Structures are given as C-alpha cells and as structure tokens.
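A single structure is presented below for examination.
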Amino acid sequence: MTQEITFWVLAVIAVLGALVAVRRRNLIHGVFALMIFFAALAGLFLLLMAEFIAAVQILVYIGAVGILLLFAIMLTERVTGDDARDITSRGSFWGWAAALAVLVFLLLPAIQGADLSQTAQPINPSVKALGHQMMDPYVVTLEVLALLLTAALIGAVAASQGGEKKKEDTDDA
Amino acid sequence: MSELSHESLLKEFPEAQWDEAAGAVILPATNARTIAEWLLASGWDYCSNVTGVDYLEREVKEKITNDAGETETVTRTEPGRIDVVYHLYSIANKTGPLVIKQRTGREGATAESLTPVWRSCDLQEREVYDLFGVNFKGHPDQRRILMWDEFEGHPMRRDYTEPFDYEWEPTPHAEILEKHQRGKVII
Amino acid sequence: MSTTAAPNYELLQQEGLETSLLEISMGPHHPSTHGVFRMDVKLDGETVVELKPVFGYLHRNHEKLAENMSYLSSMPFTDRLDYFNSMTNNWAYALAAEQLVEVEVPERAEYLRVIMAELTRLVNHVTLVGFFVNDLGALGTPLMYAFREREKILDLFEQASGARMMCNYFRFGGLRNDVPEGWLDRTRELVDRFPAFLDEYEQLLSENEIILSRTQGVGNLSRELAINAGITGPMLRASGVNYDLRKVDAYGIYDRFKFRVPYTDGDTGDCYDRFMIRMLEMRESVAILKQALADIPEGDIIGKVSKVFKPKPGETYGRIEGPKGELGFYLIADGTPKPYRYRVRPPSLINLTVLREMCLGGKIADAVVILGSIDIVLGEVDR
Amino acid sequence: MSFQLIIDILIATVPLLVIFPSLFAFTTWMERKALARIQNRIGPNKIGVPCTRVSLFGLGQPAADGIKMIFKEDIVPRGADKLFHLLAPILALIPAMLILCFLPLEFPWGKFMSGKVQAFMLDSAVIFFFAITGLNTLAIFMAGWASRNKYSLLGGMRAVAQMVSYEIPLVLSAVIVVMMVGSLNAKEIADAQSGFNWFVFSPWGLAAFIVFFIAALAETNRSPFDLPEAESEIIAGYFTEYSGFKFALFFLGEYIAMFAISGLAVTLFLGAGDGPFVDAAPWMPAMWFIAKIFGLIAVMIWLRGTLPRLRVDQLMAFAWKFLLPLSIFNILLAGLSYFALDARVANTTDDVIHYVNSGNPFAGVPELGTNEALMGAMIYRGMAGEQNPMAAKKWFLKAALKGHPASRTLVAWWLGIWVLSLVALYVMAKGLNNLSRSTTKPREYLYAE
Amino acid sequence: MSILGGGIFKGMAVTLRNFVGSYFYKERLITNDYDWRPEDKLPQSIGEYPKEEGEQLRDTTTVNHYSRNFPMLLHDGGEPMDTVRCVACQICERECPPQCIYIEKSEDKTERSDNKAQFYPAKFDIDVSVCMSCQICVEVCPFDAIVMNSQFELSTPDRFGGLLVRRDDLLKSNDYYHKIHPQEAATRDQKMVADKAAKEAKKKAAAEKAKAAAEVKAKAAAEAKAKEEGE
C-alpha cells in the first residue's frame, strides 16, 4: 500500500517535471524542473530497491548533467523573460509520432510480457556483485566506454587549446 | 642634463617669467607643454602638487615714481586670473621644488594639460577643472572628480555662492542661521 | 616615457563565441572599499577589463572651509583629512604655516613631534596591514591584533592631546601642551614591547603561503610609472625608488636620527612588496622612537608666536613624509588672519592614479587587494 | 512495508533532526566564542537565561539570534525570481539533513527499540552521500541566480565551479577507504576500523584524510575556501539578498552540511564511533562520534581564524593541479603498498604454517611468539572464523614484539613500506606544490642609510 | 627548502597562542567590559544626565584624566552664576570652527563676588551634535572660562533639541575641573595666578609710572611756576 502510494506520487512528480521542463519558457526553470524529474526517477529506482542505480542517477544526472546544463544556460544571453525561447508547435506531429512509436513498439511489448499480477521481488543487487559483473563479463565494454570518454575529453581540451593558440598567434602578429 | 634650477629654465625659454614674490616661474600660455617636456627631460621627474588659485579682479594701489621724480599713489585695476600651480621635484637628484604656473583668465579659463608629461597631474588637474573650472587642453579624461556630474558652477572660485543650502537641517537656534546670513558668523 | 594610456585589455573573442561583460558598481557601500569609494568595474567572468574609480562622496570642500577661517581654526579640520594619522596631518600643516612666519620650534617640541609622527606611522602601518589581510579574506584576526596595539598607542595620544584620533595637538611653533608626567616612560615601555608584537605579526603573516600567492605578482607597478604618476610613500619605495622625505628634506630634526629606509630592487613592485615595506618600516620607526625617547630634552613646548597668527603675504609649500606618502600643504598668505589659498596635497588621492593600470587584467579579488595595498583613507581622498 | 517500518524510520531520523539543529546552535556559539578568543576578544557574554542577569558565558546568544532571525522582515528583491528565492534555502537544508541519515551513528534508544541503528542501512551509503552532497550546489546556484543581484550571481557561479571541482578529490580520497574495506556500506566501514584500526593511521589513509579534509572545507565553503561568500569581494555572495528566516535556513544548512561532511570524515578515516572505553556504556560510540565531529569543526574554526582566502583561479588550480594528482597518486600508492604488504603477509603466513606442518613446534627449540604468529596466520587464512587481514596483522605485530623472526621481517617490511609511502607522498606533494606555485617565496629587501 | 604548508602552520601556532593566551593574560584582550546597566533609562535630553560629580567618571576604562569631550563653563564655586568666569566676550563663538557655540550677552552688568561688575552670558548654548571637540575655544578664551569636560555618555533620542547643552548644564565648578583633569587644572590655575600677578604688576607699574609722570609733571609745573614767579 505504502509502496503504491509512493509510486504514484513519484510518477506524477516525474511526469509533471518532464512536462514543465518541456513547456516552460524560462530556461532556468526548465532545467530545475528537469532535475525534479531526475530526482523522481531516482526515487522510483529506490522503490525498486536498486539503490546503487538511484545513487548514480542522482550523482550523474542531477550532480553533473544538471550543472552542465546550468553552465550552458549561463553562457547564453537571454535567460528569462518573454523572449527567452520560442516554443513553437511546428513539427509537433513528428514529436507525437515518435512518442507513439516508442509506446507501441517498446513499452507495450514489455508491459505485455511482464507478469503484472506479481509485485517486484526485492532482489538485492549488491554493489560488489555489480562491480564483479562489470569487471568480469563486461570489462571490454567498460574499457571501450572509458576510452571513448577519455578521447572525448582529450578532444575537448585540444579544441579549447586550439582556440587559445590562435589568439596568441594574432597577438604576435 | 642641465642644472636643476629655474635659471636654466629661464635661459632656455626666455618667454617664461620669473615671479620673485611667489618664487615661481610663469609659463607662457602657448608652449607650456613643450616646456614641461623639456623639464621632464632635464630631470624634474616628479610633479608633486597641482592646484589652482583664483584671483578676483581687484584694485591695487601702487606707489610709483612719475617722470617728475615724485612718488604718487596710483589706483590700478588688476584683472582677475586663475593660476594653475605645479610643484616639481627631482627624485633622481633629490632637489626641488620648482614652482611653475600657468596663468589664465577667469572667463573661459583654459590651460595646457601636463598629464601627458606627468601622470600625477591626472587626478589633480581633474580636480582643478572640477573646483575652478579650468579647461585642460589635452587631458585624456577630463570629468568632474569630487562634485557630481550634474553639479553646476565651480565651488572653489572665490565668487562662488551656494545656490541654496541643500544640506540645511533645523538647528536648535534658528537665529544662528540668521546670523550666518547676515554675515556675522563666518562659515 | 609618456605613460598616459593605460594598457588596453583586449577581450578574448573567439569565432562564434561572444561573451558579455558584467558591470558591477563596487561601492560606495562595499565592505572593502575602505569607506565610501566606488569602483565601476567591468568583468569578463572574474577578470577585470575596465575599472573606473569614482569618489567625492565624502567631499566637504575642506580647502574652501579653511580659506574662510583663521589659520588656527583649520588645524582641527586637518585631523579629519586622514583620520588615522591626525598627528602627521597636523605636522604638515604646522610645517607649512611655520615656513610663512619663520618661527623657531623649541627643541623639546621637535622631539615630541618626531615621537608623535613615528607613533602615528606605527598606528597607520599596523592597521593598514590588518586591513590589507582582511581584504585578502582573513577573518579580521590580524586586524584585531593590530587594533590592540593601535589602541595602546591611541591611549598615549589621548593622554598627550586629550583625544584618541582627532588629536589637534600641533600648533604653529610647537605643540599645544606638554605631555603629562610619566607619558614618556609609558611610551618607552610601549616601544620596547612593540618589536615582540611585530615578530608575532610577521610570524602570522609574512610566510603564509596563501598570502604569498595572493599578493606576489599582483598589482605590479614599475619604477618609471610610479615616479611619473607621483606615487609616494611606502608604495613608491616598494616600486624600487629610494625616496623618503625624512631623509631627503630632513624636516624637523630627522637628520639627527640614525635609521634606514627599506626599499626594493624594483623588479616586482607588487602587493607583497608594498605589504612588506610597511612591515619593515615599522621596525625603523621603532628605532627612531628609541633614539628620540632617549635624547629628548626638557624645555619649552612652543615657540614665540603671536596670539593672532597673521603672516606676511607670500606663498609656501610644506611637505612631510606621511605614513601614506608625501603630505603637502600649499599656503598663500595675503596678510590677513585667513589664508588666501589653502591646498592639501593628498597622498591617498594621487596614489590612486595608477589603480586602473594595476587592476586591469587581474581578477576582481585582486582589485580589492590592490586597493587595500594602496592604503587610502577617503577623508583625505575626498577632502 | 509495514507500520513498524515507518515507526523505525521515525525513531532513527527524528533524533537526528532534533540533535543536529541543537548542535548547530551550540556550534554557532562555539564558533563565535572561539573566533573571539583567537582574535583576543571576549565574544558573546551577555545573553544567558532570559529575564535574569545570569549570562552563562553568552550561551543564550544563539537563541536570541534565532528569535531575531525569525521576526526579521523578509525582503525579496523586486526583480528576483520569487519562487526560487524561496526554494533555495529549503533546498540547501534538505540534502544536508538527508545525508546525516547515512552516518553510522548509533543511538542507544534505536538499538533498544527495534534493532535499527541507522535510518538507511544502504549498501552504497558512501555513493549516496556524495550524490546528495552535490545537491547543495544546486541550492546555492539557485539562490545566486534567483536573487537577481550581480554579487549573488558571481557567488553562485563561484560556488558551482568550486563545489564541482572539489567533489572529485573528495570522492577519490574516499575511494581509498572503500578499497581497503571492500564495501560502500558505512556501517561496514565503521566496523572495519574498530579497535583503533583507524584508516588515518596509515600513510595513504593520512594523506587521503588530509585531502578529504581540505576538499571538505571547500565543499562546505569554509575558510580559506569561502569564495562563494567572500565578504571582501562580493559582499556575501549568494546570500547577499537573503534576510530573516531564509538567511537562517541557509545558515543552518551550511552548518548541518559541516556536521555531515565531518561525520563522513569521521566515518571514513577516524574510526567512526571507536575510541577508548567504547564498550563502557551504550551511548559511548555516539558520544565519540559527535566528539570527533566537534574536533574537526574546531579545526575548521581555527583555520577560519587564521587564514585568508584563495583567489578563484588559485582555488581551481589547487583542486585540479594539486589535490587531484595527489589523490590519484595516493590511490596508486595505496593499492601497490597494500598488495605488497598483503603478499608479504601471505608469505609469512605460509612460512608459519609450513613451520608448523614440518614438525612439532613444541619438540624443538620453540621460537618466541610462535603462538601469536600461528594465531595471525589462522585468522589471515580464515581458519578461525571469518577471514580478517587487519586482525591478522595485529597478531603478527604481537608475535614480532615477542621476537618471532618471520613476523619481525614482516614488520620490518611493513614499516619500510610505510616510511617509503610517507616519503613518496611528501615528495609528490612538494613537487606538485612547486609546480603550481614555484615563484612565490619570501623576499629580501634593500636598505638605504 | 621550506616545509610544505609551513607558513600556514606558523600562523596557526600564532592564533593558538593567542587563543590560549587570551584566557591567561589580560593585556592580550582588546576589549573591556563596558559597565552596561540595562535598568538605566535613556534620558530625554542632556540636562537629565546625572550631575553628581562622581557619576561623570564612572567608567574609568575608556575615559581617563586626559580625555576631552565637550566644553563646559567654569565657575569658581558657590552660586554658579555669581562666580562664572565667562564675560560673554564671544571670542569663542567667533573662533569655533564648526560654529556650535551660541552666546547672548547680558544687557546689564552684574556685581560679582569679587566686587567687579561684568557682563555675563544671558544665553550660552553649545550644540554638541555639531561640536567636534577640537578645544579651540579653550585656547582662545582670555579668561580661562571654558574648558573641556570628559563626560561622554550624552546620547538622547532627540536629535535636534536633545543635544543642545544649555548654560546651566554647562556650568561646572573649578573643583570638578580639578577632579577630572588634575594636572591640566593645576597648570591652568598657576597660569591664571601668574597672569593675574603679572597684570597687577603691570597695573602697579603703570600706576607708578603714571604717578611718576604726574610727579614729574607736577614738579615741572612747580618749577615752571617757581621760575615764573622768580621772574
């Protein structure tokens, strides 16, 4: 009972957060609404007893992605006000179509496949087990991902350094 | 490097005058900047003090000896003027001061700015502009410095009168204000 | 050697990436502008790209006031110029006025003047260092230690002159009154204990890594610009110029004392130098005080000056080495009891000339530190 | 989910919500008093018991401040985002309160009533801790942005940059403890340090603790990293426009965050509730825990009374060029020396067991301390209950003290590795320091006669 | 090669020393406990402050015998207006730099206890909200009638009227002056006595001179007369 109430509360918060994030004219408000959505999602994970995932959800999505978004927004000029951003309905057809497609082709089969009469079993994926999984069967994937991220990081550094160098060149000239 | 004294300056620029009473060299209005540059080059590297002095038009009684050899008192009207006074020192030679003055009329007072020669004149010339109303030709940033931008008039001029007492507040003695207005109390 | 134009900071502009500047009006009410001073700052991120000092909030036209009252009456107003150093302000004014009438100052008065001036220098430097470290972000601890020592000196001032800060103690031709009994002994005791405090102060501050990295290389001022911009006092000596009016003019009886003038080799001229020069100057002041307190004779305290001070027409410029720099008074007498022209050369104002140059390109935190290292008092800047 | 569970949760959390805010009041008094004494002032000494002249060293001051804060006018700037201006202080307080729940703080009443010792016995408490600490950043940014004040905005930006940067050394230094224990569970970490087996007593643990403490200072915006509220530069930073109760909430949040992060430092490095006479009474662990927290806070206050503030670029450089490399190096060093030591222990264990197996130990000349060494070997192998390398080392140390030769070699190795690690860490830190700020040093001055 | 963080540790040692030292060495402390009396009600004007002489110096930690604060008028004891030294010459009013003194001269002269008729101040008000405690009035006063008081607790809730000190509140006896500024008062009394003596000596000398002159004149006249008569 408690679990269900919690689920519904979190679900409503998540959906509302997502809607506000999309529809809000004020960008900063939008980002914070997005973060509320993330937080509600983390709560849902917790409800499923996937606490590590919940922690990572908060750490990565709120702590890192959210802050990154805020930084990006701080760099843009118009943040608030009526001309903050235009929300047009142009292309909304494609949006609805995509959402419907996801619903029909991904979620419905999943829901149909699941046995809804049973509530979720409290599986307890310990962090240790998760770590072993990551380091044993999926180690190559992990390494590739790490390599990719490192490459992206180095690329970003190189890109920003290039700009600096150009400036120095002009100074010399 | 020439000798650091006003004599060398007077020798180099004969159009400059020596004012014995004030102990100052009065620079000609035309080439004050040139003289200043020469002074800087000859070792007066430090301009300590810049200020203005306002002299109202006044009548001077002078005793002169006329052609007949008699002394008589003549009343002469001395025109009002503003002096911009610079006190120069030499840090390298540790000597000084050399006082130089730029003399200008009270109406539409203008003087050569010596800020390009000595940076230290920057704020002080602005102050002279603000309080005395002397226009400095060639000053890089001539704005009011102590008074606010909308202020009218130049308060350090001797004929300046306050437009109104904007800081007036009631005192226990209204009479003291009256006294002040009658000029009995000097404020 | 024209140094008019300040270096122009070029905004870092990359292709397709524009940054907008943040304009901040720091002051007139800001915790670290040392009074009602304002800096209109333009920031690119945290970097200062434009800085415009604005002052005048405390302007009361001290010069005009003085021109409308007798010579003596403007003595208490000089206290209020640089309200940390009323004794030296008094001295500068008295020196200029004495040049007009050529009065002989008695021996004891001269010694007391030196003692007062050097005590004032201690007061100023010790509190300045406190404020400076406060601007660096310390929570007032050095400032409180400084205030403790300052309070001891101010007690001495109070005993001699009746007031802690607005001393109004000097008179044309001497001093207002003799110091009370036992004052010299108390001063000796204080001077003997002062170096111990300075040791502690240096231990607290001068090797602290954070202070070093915050001040070194910040607000560099070259020797040429410093001379040309009329910078005086410890700031000039920190830029590598050996110029101390106590040595150069030897006004008063400074030629009788043996003391050294600390200065730098002029390579850096940054905030750390300005801070350290003041620390070192305090030790020299202690040395002067020790000599003066040992040699002070008995005798009169004021020379023969007529009760109505009425100098002959003429003009004079008297200057002393104030704790903040060269403090000068330019007086024009016209034979009346009031000065025709009375002008203060304020070291605080003129040292501000280079504020913009020193701050540009630095961080906003540096601007605060640089302002702190210049050592201004708004009572003197605005007059 | 039962009613009992809710009761349990309440029993575990409500004391935290009562105890820590009261401790906050006491801490503000302590901080004011200590700073005053550092600055040779007296500090609050007038307000004591209300309506009397009893001053009680000014202990009534926090209450008076609190009452003043509540009744003060709440000012919202005209251009401010009213919703966010209101939300920010709340958001600053909630995560701080939340992370208190992850501390392995055992209150005896919880134990007696239902056996629950923590609000959340989460398996990944340490990760959760860092995740939720990050939320504080958002609150500060929100406050800075919503105030519509330039100083607030600057303070908010500074706070975000600073807290994001310092989270990395913070986490990396915590990783060492996680490596040693092999668990993210706060309770397990606390248990692993019982019996003065604190992690701060090893070289890498010490280095990690120092890095952690420095980063914690930055994370809680304490001096010398109080840039987001740098008074001399940006007035009060992100709470320039806050007054009254909202300001009090911010203040409370800040102090609770201090408690929380000190609590984490205590958990990770300082043995949690461990200490002398810990078994004397059921409330001793909690007392020790809070005492240690207060010890750390005292150091924070001491630092605040001494140090000026860093500049923003130096702050970033310190995080990225000094703390980050140092903590990565520390992780490597800890791993290497841990393996080396472990291999050596295993070796010694083999020796001891071989010695025992090869003949009758009681027949020949018995070596001194053999029994202890045997005990250590058994514990290390897990032959006497649970496998526990830490406890095994203790037995080997006892054996070495009695004169067991193989154990002595082990202890010599041990000490060698420790000294080498310390030297390596110091050299590394010194080198990094010289790299980042080589030019700043005290100078010599000239004198003119 | 300095120790890493050595400067910071040195600084921390200093602060620790001060922290501990502040509990043991009183001279380390900056502040003094001010004699705070919450039951004191703030007087509505300066005249309501306690006039007992002991009260003026109750806080000896901030005020010592050398402090000056605002001026007061001296009288030589007894009925204040009978022995007041001020003769309303208005020099101090003229010289006061911030113009805070207001004097009205009496219409008539009164007989003083020393049998000399003098003008007296009908009104003598000092606006201490303007006064800057510069002591110029003390220096210019030719009659040693105005000196500096060291009373400093003068706050009132009334900004304009409250800080105006009337003549009767300004009047203080010379004994009180001796009490608050013993050394200065003694010097001043000596000086006054010396001045008086000098003045009397001068007067005497003048009188003698006049007498001598008169004698000479009389003599000359007599001689002339004698001569005349002789002729």
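Labels A, B, C, D and E are assigned to the chains in the order they are written; within every chain, residues are numbered from 1.
Going forward, contacts are C-beta pairs under 8 Å (C-beta built on N, C-alpha and C of every residue); 3 or more make two chains touch, one makes a residue touch a chain.
Source: prediction; values computed, not measured.
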As a test of understanding: of all chains, whose mean C-alpha position lies farthest from that of subunit A? E
Compute per-chain Cα centres, compare each with the mean of all protein Cα atoms, and return the closest chain. C
Chains linked by the largest number of contacting C-beta pairs: C-D
Distance from subunit E to subunit A - Cα centre to Cα centre, in angstrom: 80
Can you compute the centre-to-centre distance for subunit B and subunit D, using the mean CA position of each chain? Integer Å is fine. 67
Between subunit A and subunit D, what distance separates the C-alpha centroids? Give it in angstrom. 30
Just curious, how far off is subunit D from subunit C if you go by their C-alpha centres, in Å? 46
Among all residues of subunit D, which ones touch two or more of the remaining chains? 38-41, 305-307, 441
Expected list for subunit B, residues touching two or more other chains, is 186-187
What are the residues of subunit E that contact at least two other chains? 2, 8, 11, 14-15, 18, 28-30
In the complex of these two chains, what residues of subunit C are touching subunit D? 22-24, 30-32, 43, 46, 133-141, 144-145, 148, 204, 206-214, 216-217, 242, 244, 247, 260-265, 268, 272-273, 276-277, 280, 363-366, 368
Which residues of subunit C touch subunit E in their complex? 69-70, 72-77, 79-80, 141, 144-145, 147-148, 151, 155, 158-163, 166, 168, 176-177, 180-181, 200, 203-205, 207-212
Residue ranges of subunit A touching subunit D (in the complex, touch as defined): 1-3, 28-29, 32, 35, 51-52, 54-56, 58-59, 62-64, 66-67, 70-71, 74, 80, 124, 126-128
Considering the complex alone, what residue numbers of subunit E touch subunit D? 2, 4, 8, 11-12, 14-16, 18-19, 21-23, 28-31, 33, 36
Quick check: in the complex, which residue numbers of subunit D touch subunit C? 35, 38-41, 150-151, 153-154, 158, 223-224, 226, 230-235, 304-314, 437, 439-443, 445-449
